[in-house]
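Labels run A, B, C and D following the written order; every chain starts at residue 1.
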Amino acid sequence: MSSIYHGQLTVSIFGQSHAPAIGVTVDGLPAGEAIDLEELQAFLRRRAPGTGDWSTPRKEGDQPEFLSGLDQGHTCGAPLAAIIRNTNTRSKDYSNLRDIPRPGHADFTAQVKYGGFQDVAGGGHFSGRLTAPLCIAGGICKQILARQGIYVGAHIAAIGGIPDAPYDPVDLTQEALLAPGEKLFPVTDEAAGEAMQAAIAAAKADLDSLGGLIECGVIGLPAGLGDPMLDGMENRIARLVFAIPAVKGVEFGAGFAVANRRGSQNNDPFYMDGDRVKTRTNHAGGILGGITNGMPLVFRAAVKPTPSIAQPQDSVSLSRREDTKLEIHGRHDPCIVPRAVPCVEAAAAIAVYDALLEQRKRSV
Amino acid sequence: MSSIYHGQLTVSIFGQSHAPAIGVTVDGLPAGEAIDLEELQAFLRRRAPGTGDWSTPRKEGDQPEFLSGLDQGHTCGAPLAAIIRNTNTRSKDYSNLRDIPRPGHADFTAQVKYGGFQDVAGGGHFSGRLTAPLCIAGGICKQILARQGIYVGAHIAAIGGIPDAPYDPVDLTQEALLAPGEKLFPVTDEAAGEAMQAAIAAAKADLDSLGGLIECGVIGLPAGLGDPMLDGMENRIARLVFAIPAVKGVEFGAGFAVANRRGSQNNDPFYMDGDRVKTRTNHAGGILGGITNGMPLVFRAAVKPTPSIAQPQDSVSLSRREDTKLEIHGRHDPCIVPRAVPCVEAAAAIAVYDALLEQRKRSV
Amino acid sequence: MSSIYHGQLTVSIFGQSHAPAIGVTVDGLPAGEAIDLEELQAFLRRRAPGTGDWSTPRKEGDQPEFLSGLDQGHTCGAPLAAIIRNTNTRSKDYSNLRDIPRPGHADFTAQVKYGGFQDVAGGGHFSGRLTAPLCIAGGICKQILARQGIYVGAHIAAIGGIPDAPYDPVDLTQEALLAPGEKLFPVTDEAAGEAMQAAIAAAKADLDSLGGLIECGVIGLPAGLGDPMLDGMENRIARLVFAIPAVKGVEFGAGFAVANRRGSQNNDPFYMDGDRVKTRTNHAGGILGGITNGMPLVFRAAVKPTPSIAQPQDSVSLSRREDTKLEIHGRHDPCIVPRAVPCVEAAAAIAVYDALLEQRKRSV
Amino acid sequence: MSSIYHGQLTVSIFGQSHAPAIGVTVDGLPAGEAIDLEELQAFLRRRAPGTGDWSTPRKEGDQPEFLSGLDQGHTCGAPLAAIIRNTNTRSKDYSNLRDIPRPGHADFTAQVKYGGFQDVAGGGHFSGRLTAPLCIAGGICKQILARQGIYVGAHIAAIGGIPDAPYDPVDLTQEALLAPGEKLFPVTDEAAGEAMQAAIAAAKADLDSLGGLIECGVIGLPAGLGDPMLDGMENRIARLVFAIPAVKGVEFGAGFAVANRRGSQNNDPFYMDGDRVKTRTNHAGGILGGITNGMPLVFRAAVKPTPSIAQPQDSVSLSRREDTKLEIHGRHDPCIVPRAVPCVEAAAAIAVYDALLEQRKRSV
């Protein structure tokens, strides 16, 4: 396996940056689910390159074509397949990448893994562009979940050390959850967002790039989703979020902060809110034993700074087996965090919807 | 699915804390691999309850019985199955747990998920005891890997805010990697270890518990292991490490620190070390594009404080639908981090060996 | 993979004929299903060696021990594991089998596959004994299905060319379906059964063995179970039935007879029976496009004659690389068809229950 | 799951008869395998509608477009995706099929399964057209296998009761295996082939259709491929062959004939042929215990007569809940057996190559 999530849904991602197309198949969607293609397109646009200083000017239409799985606007039970054509590809010579790997990229590891047969153009299958089909699959799951009152949202939690206001993990409203996603630069706190954009511009001016944090929340979840040990919500989400190339860490609820806590600080006390069982705090991020407890599911992902920077870097010539210098031309996002926000939502939506389908089969 | 890792190896964990047994099956091991049962037993002892103040006095023999898959000390190609009998079980009434869920535990979520049919005794399938079969599977993988020059080790990176000396991510020697695991309290820096144990004793005296960090390293890895997107080393390891009940976060290489960095700081420059390609730093944790680059693979996991504490806690009565107080009796580890160290090694060993088998099939 | 069925249920079979135990894990059973252990035991007895001339006198208690997955007589949501101890094993030297493979057995192919590390004693993992854990899993599924009005039954359709009365594929009653299974020698037509037993006795007197046919039916099925292409009912059942070592062919409905037919003969006309859609004939065996149509699901499996016969046979010495003669000592079933009947039921029950769980997740 | 084969290779088939496209993704192909697109096209043409009386005149270009997975004519390690555009679709109204299901087709079962949301046009995902992507995947596997000296071939074994000369299961030469596939009407015995074509023409003149048998052979196989119980060669091949819509039975080696045999007749005696272990007969069809023994692998599949016939047939109106008559217009293959021959080869090639990859990972 490689680019396949195989649960109740089988999500299979294919394509290379400069192949004829990238795409995704989703097998296992129930029949009869309406798919709003305009809403999906709007979701994909959040991932597409923008006009801000923080984004590459490469034009990606990212207009998906649905090849199968839909009939009259609804899922028809057959596997769904959608592709996005790559345009203006192969316009330059990429053979250099086969010899001099870019630091922080998969050029070297793919070269070793595939014995030199890998598609190097634009990073091939390792390109960040492959998150577009992930967003197609995730965007569809998001729509279906929303119709059941389950909402998935995310925002930039920090860039260059500048934090956004975090989600309230206990009383996370639909409005607070989804508002950042409606902005071009998805933050809650506008002032923080402006400071982040300034930091990105400064890094760009230095021919450099910036990393950041993304926080994602899911509300409206019933308790009882997820499975013990290997298929808990943490396992599922982590597996999907690490599909986003630049992610290097994932934490749920209080996350790494639990390491410094005592049990009396970290345990979330239960109480009755009318007839519903709730917790007063939510350090667990809505997950106990891998299973949702009905509180907001909250997690964060760490995104590394774009490895493609214009500064000269140390690398090696694989053919000559000697050290060399590398300069990466072309323009790249000085910070991919804003565009990764919908990708994280997509990963979460797939994991949650898959767990919901799994749970449904258990109900007698 | 639930308690199954399904790759080249299928590792399937079963059992409940107070069922007749817990165990594991491992399908897909190549035939002809010698299994050193004494070495395995020694590995399992590292997870077993100890005699220190930081450990529960419950006696767990954790002596596995191999039911199948071995012949004359070698894997025979058939699925391997091993069990550990639970002894002295069901000695008390656990029905209380069905009514008043323990904060921080899976009692409530299991109750909802399984409609009240879950096995509540000792936490059932959600008990930390289920990491013993994980360690059987992982211990076997560790042995096989070691014969191929691939070593997996881990240590306590921090408890209660007290840090151990971190692994050197660039020049991680076998000695430095494995030394902590040979100690009763697995740290590199003895002084730090003593401070940690004092902190645990203090928490225990307060009827409280402590969380911590575990750092794991893998050396001797060839470049080229792991697969793009959903089956990269990060995806595989994260999925397995989150099988350990108390883990709330996983980060690779520089991990969450990448969020505050620039690309020029975070990229690891390549250079030739004789005929080998290496990187001068290792912020990537040995993984680029999900694939090993031949540098040490390094990651950390955040472990929450034991939720079972003797202080009175707020909870609810599920039958009476009202708030109530809960007191947990019995003795529990005031800090499970030391015992979780071999579990993290086991998770890593399974992920790495699985990726190695996957890669082997690709070589023409 | 090897001995794993991996669908909504994951059924994983382990053990060797002379290992400490054989067993099975079943992951994915909904919680709250009552398991009647006596009824299960009665089902397993149908597979156990009998007292008739057609059966080996080896005593197999086949008493399963449940290690996990049950609580107070119900499935508890955790993976179910059950084992059967092997007793009186390793009493003789089997090393001969490593050198001189038995014709019709897996001795040679296992030797090549596992490089000589296979467990040869009693056929190891390839022993017919491994169908006992299949029957544990299948017997559980049968019970659950029966509570939902879905019944699985089978009978000997032929032995040595002597046919039993076939099931009526259109009007198959519960009585007709299940009656053979209540007999020691599971046929519908007693006279045919006696003739078959006489034929077995005659073959045995000649130090020979006999093959046969098994017909299996499932009634009470809703229309709509099964999935297109790779997971249709035919795919699922065939995959599971071929897990029974001696099966060499599987056919559904009219099966191989369709090859000689015209469409006008083979199509099953639809008609309304009150409000239910039925077909007047059932050449399709209740399956159209891989999906149940609500008519009885009917299929047959061809079972080869026991390869272990007492006559001297031609074989080779693998060590000396030369032809040699082989005489198989010990006593074996001269015909395994009667004991394979519950195994076929078990395979069908797993396939059907798995498809039922799959369908359940699709219902909005 | 549904239209996915998930082993070492993940073959995922998508599309509906009148959707924009049909296609396939293949994940897990080793990098560096040359793909001869012309040879693949020639293979696909064998499945495409022909000019004979036995074939539908619908023009299917069946020209696959490769979207990903190839670079400079070789597999590049990334998932391979290929599609075939559907042309001239939706030209008529298919809503009738939602009301009056065609006997022998999946119209009714799909209607129930998908709650009326299925794509009915041209049979949707249940169309025989979906075997084209199966042939793309299988054709690629065939090429790779042939470079390793493993050849897959098939022929019409019988149509309308007229048999072709069977393959010699013991001394099956490459020439004899592949010769039928080079003919427009794939038989060994030309005279038999002419008689079959006459029978088809006669059936067609009667507005009727014919079923038949396909025999498939694989030579050059090493011993040791396949896995015990659920993933033996029989399980794998059966699962894939039943993906071809009209197949109702599969048998290996002597197949159903074993039911009438004694062990002394059916066992294949071993002998040494130089240094190679062979069997004098091959009733096992090259498979013992699910694992190849190095002899030719031989199996047969029963194909039902085309259910679409022009004669008036009895059906029901699902909306009016009453019996009605159905007349199917348009032109259909009066016998799909000739076109199904390459599909059976494709299914076998996928199963064999998958088992080869599985075995490769086991070799230390």
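To be clear about the criterion, a contact is a pair of C-beta atoms (placed from the backbone, for glycine too) under 8 Å apart; a residue touches a chain by one contact, two chains touch by 3 or more.
Small disclaimer: the values here were computed from a predicted structure and weren't measured.
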### Message
If I average the CA coordinates per chain, which chain comes out farthest from chain D?
### Response
B
### Task
Could you quickly compare A-D and A-C and let me know which has more C-beta contacts?
A-D
#### Entry: Length of the line joining the C-alpha centres of chain A and chain B, rounded to whole Å
26
### Query
Which whole number of Å gives the spacing of the CA centres of chain A and chain C?
45
### Summary
When centres are defined as mean Cα positions, the distance from chain A to chain D in whole Å is 39
### Query
Using the touch rule from the top of the page, what residues of chain C touch 2 or more other chains?
1-4, 6, 13, 31-32, 77-78, 110, 113, 125, 228, 358, 362
### Message
Graph shape for the chains shown, where an edge means the two chains touch. Line, ring, star, complete, or other?
### Response
complete
### Message
Which stretch or stretches of chain D touch chain B in the complex?
### Response
8, 30-33, 77-78, 228, 357-358, 360-364
### Query
In their complex, what parts of chain B are in touch with chain C?
1-4, 6, 10, 12-16, 19-23, 25, 27-28, 31-32, 65-71, 74-81, 83, 110, 113-119, 124-125
### Message
Please output the residues of chain B touching chain A within their complex, sorted ascending.
### Response
1-7, 13, 101, 103-106, 108-110, 112-113, 125-126, 130, 158-161, 203, 206, 208-213, 222-232, 234-235, 238-240, 242-243, 245, 247-272, 275, 277, 279-280, 283-285, 288-294, 302-309, 311, 313-316, 318, 321-323, 358-359, 362
